[in-house]
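Common to both upcoming complexes is chain A, partnered first by chain B, then by chain C.
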Partner chain A sequence: MKLTTSHIGTTYNAVIADRLAFSDHKAFRELLFAVTESGAKTCVFDLSRLQSIDSSGLGMFMVAHEEGAANGWDLVLKGANGHVDALLKLGKFDKILTLQEA
Partner chain B sequence: MFKRNLKIDFSPEEELEDNSASEVAELESSADRLGAHLLREWIDLSADQRVALKALIWEIDQACDLIDTNVEGVISSFQNISSRSQEQADQIRNLAVLSQEIEIDGEKRSVADLSSGLKDILAELIEKIVQLSSRGMSMVYKLNDINDELAHVDESIGQIERINSQTNLLALNAKIEAARAGEAGRGFAVVANEVRELAKTVDTLSTSLKGQISSISCGLQGAYQLVEEIATMDLSEQNLEINAGFSKMVDRLTSQNEQVADVLQHSATATQEISRDISMAVVSLQFHDRTKQIFQNVNVALGICADSMDALSSRSEDAAAEMDEETASAETFREQIVGGFTLNEMSRRFEAEFYPNAALVAGVHAIPAAEDDAAHLFNEAADAAADETDIDRDLDEVFETVTPPATVSQMAAPDNSTSDNDFADDDEIELF
Partner chain C sequence: MNKAVAACADVQEQQSKLVENRLFEYSTSKVLIAEDSSTVRRQIAQYLTHYGLLQIRFAKHGGEALEVATQWYPDLILTDLHMPVMDGFELCRNLRADPAFDDVPILVLTGTEKHEEHATVFEAGATDLIRKPVYHMELVGRLQVHLERSQLIKRLTEYKEWVALELDYAKTMQVGMLPDRALINEVLETYPVDVASHYQPSIGLGGDLWGIRPLSPNRLFFYILDFSGHGVGAAINTFRFQTFYKGVAGIESPAQLMEKLNGFLKGILPIGQFATMFCAIVDFERNEMTYSSAGAPPTLVRSDETGGVFASLDGSGFPLGLRARGDYQNATVPFLPGSTLFLYSDALVETPEPPHSVFDYSDLAQFLGEFDTPQSCVDRVVGVLSKVTEGGDAAFNDDVTIFCLAHLDTHFRSDQR
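Take a look at the complex of A and B:
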């Protein structure tokens, strides 16, 4: 996982690029703590440059959603394409959080 | 012969001018002879015509029988084809229905339902996978937290050990101070020993606590690895992709199945149309009933013709007997009738009718000749008739006929084939 973050106003932006897998869980958890600490109301994960994801990656998005719900912020997944987009739709993420086109 | 007489008797006018009695008598006898000659010729001709009429009636009956037998065969064949194609249409329709349905536990379900059901199951499965995976990740984070807490506990134990070591030192100092105080410090020395014992016990306790914490840490590490396996092995990216591909496969299968059902439906409709066309053809074939009736009526009329000819002929026979005059035969009529047929077997039967003697020599019964023998018998009849042909030639010369009729041997060229195809044969066409 290659991570780039920025915090503008009430929105926390995180560009997650390359590949999201189990080995990224520590960095991902730190990202979640950072979002909560920033006091942002919305967190946008930009997935436009994310090439692949495994089930643990999808699980991490679910954990992020729960973490946000527990700490007062909403999660938005933006710009997913190809394989990642297909998996998000198959997993019916659109039912529990916001999926945004690029 | 009589034509010549005709000319001689009527042309010389100067002889008529001579009004002598002998010449008148001669003229009268000449007129009588002419009348007798004509009558005889008519009787012969009418005899042949009767024979020909009867033979024609027989031929028409034959044709009626042929039509009856064959058309009925054709109709029943067509009816069979019609019912078979009807069965086929039903079967194809059944097949079309079957291709759309699958029976599961006695319950009929359409393939389209099944595939959408499968898709639902698949989507549900993936949802569950994501759910499980997210629980797995939560568990990993909890395990991390416990691990962090254990590190804190480990640190606390370290502090306890440090405190304990200071307590031990303090107890040692207290014992030294008690020894220096002498008798007065003896009681204090006992307390200092007890404190040292306590410090030793705490030390043992903290050592065992460290061991337990380390084994807990090891257990957590094992659990952590297990959760990692759950999250990444069974629920890997590849498996999910295969599942997505499966969904596409089901879609394709459903659409193909619909195409198959479509084709089968078309086929059933086409077969139905064929069946209807055949039924209509069978109705069209009913013409043979009408044809048969027409032929039967024609036969009745022909029968009447033959009978009236019989009656007239017998009266004429009486008159001719009085005149007692020999005449030429009406070979021309026979030859025209026989030569007029384009069907070989008919020519043969009529020849046998007209020349019964020749046929009897060969053992032929005029009309109902057996088919197998027909060709052979015909040859015999033709040979026998050849003699008469010579007489025909003589007659022809006498009558100076403009168009000489074909001789019997020419008309009925020997042909082994007895089928109706004779007419189509090139040789036959040339001959006629």
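Take a look at the complex of A and C:
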């Protein structure tokens, strides 16, 4: 996972690029902690440069969704495309999470 | 002057005690000393014994050292360089040629300051150098460092071997959950089908599973399941699933089973863990298949209705254990003799990682359609695997499971028997 973050106003932006997989679990948990610490009301995961994801990666989005609900911030997944978009649709994650076009 | 000597003696005494304490835990370590000078042998042995190393053996030259080493397997070898019969260089080379001595420290005693010789000693396989004449504190200090390292490597190796044994045992248990030969034969005898499968965990244990269950003389149930993640955690979830599945007495429909399983998994899986699944019942009397999917990779079906090409069934659905209500639906499609089904886990379309994978969903369907017909299920499974691994043993980075089922023409089946 290649991660770039910024915090503007009440929105925390995280560009998650390349691949999100089981081995990124620790870094992802740290990201969620940073989002909560920032006091942001919305967290946007920009997935437009995320090329692949495994089932653990999809599970991390669910963890982020729950973490946000417990700590007062909403999660938005933005710009998923290709393989990542196909998996989100296959598992109907778009019915549980908030997905936005790029 | 007397004060200075006394102070120096005090420091030596303190140093000595410090090293002595540190060597105490290595008292059972076996040390082999190869040295042609009996005076030096005796001196070194006195030092080592003084600091608590009790298992010491001697050799007068490299040849004798090699003989003792291969019979006694010391934990550390101290050797002189220049000895008769076989020198220290040759001894090092011989020991390193034997895998049993890969991790055994060889400390070379040398009186020379020549850098070229030092380099040659290391090239021959020595671990470290100790200057002659031997200063007891340096000798014992280095021994402590190398024995500690050696013991750590030994413990790590033992731990790795233990873990490998445990994983092998768990793997046997997991493979035991898959349909065995007797069940496959029963299926082949009872129904007009050909079947083939492939199951390959990525790291010994996996989060995939597939199964098959005769429901009646005309109805056959089967599934393919993939828990998120892979390795031990995902494997434990397959055992949890098996506990549930074995307890299900009757399967009314695929969606009904998945709704029950979803409730079971939702209650035990932590947030972020889930399973994708495709399951179906083929009714050979009605020539149809009823299926349901929980986010599994789209199952491919080839039949007259699909125009003889492999077409994707809708695999979309909430993965199991993700939310309280799964809202799983049954769908029914014709499944006449001549039809073929191809079920697979996501590793088949994610190797190597997207976007560089060999197959995406449509590539896989097209590739399967390129086989000459009629083809056995085994040919299709082997063909797809060979394509992904390019005919070699390239490892998948996730668990791989494939299940292929063909509804045979009864006449064709009879000819085959």
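The rule is short, and it goes like this: the second predicted complex is superposed on the first by the 102 of 102 C-alpha atoms of A that agree within 3 Å, B and C clash if a C-alpha of one lies under 4 Å from a C-alpha of the other, contacts with A are read in each partner's own complex, and residues count from 1 in each chain.
One rule holds for everything that comes next: a residue touches a chain if its C-beta (ideal position, glycine included) is under 8 Å from a C-beta of that chain, and two chains touch if they have at least 3 such contacts.
Keep in mind it's a predicted model, so treat the numbers as computed, not measured.
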Fit or clash - chain C, chain B, common chain A:
clash
Name the contact category of A:Leu47: first (chain B only), second (chain C only), both, or neither.
neither
Kindly classify A:Met62 by the partners it touches after superposition: chain B alone (first), chain C alone (second), both, or neither?
both
Between chain B (first) and chain C (second), which does A:Phe22 come into contact with in this model arrangement: first, second, both, or neither?
both
With both complexes superposed on chain A, which partner does A:Leu97 reach: first (chain B), second (chain C), both or neither?
neither
Which partner does A:His83 contact after superposing on A: first (chain B), second (chain C), both, neither?
both
Those residues of chain A which chain B touches in one complex and chain C touches in the other
22, 52, 54-56, 58-60, 62-63, 66, 83, 86, 90-92
With touch defined as at the start, can you tell me which chain A residues reach chain B in the complex?
21-22, 25-26, 29, 52-56, 58-63, 66, 83, 86-87, 90-93
Provide the residue numbers of chain B that touch chain A in the complex, in ascending order.
122-123, 126-127, 129-138, 140-141, 144, 228, 231-232, 235-237, 239-241, 243-244
Mind listing the chain C positions that touch chain A in their complex?
226-230, 271-274, 276, 295-298, 315-319, 322-323, 346, 350, 353-355, 357, 360-361, 398
Residues on chain A engaged by chain C in the complex (per definition of touch):
19, 22, 51-52, 54-56, 58-60, 62-63, 66, 82-83, 86, 89-92, 95-96
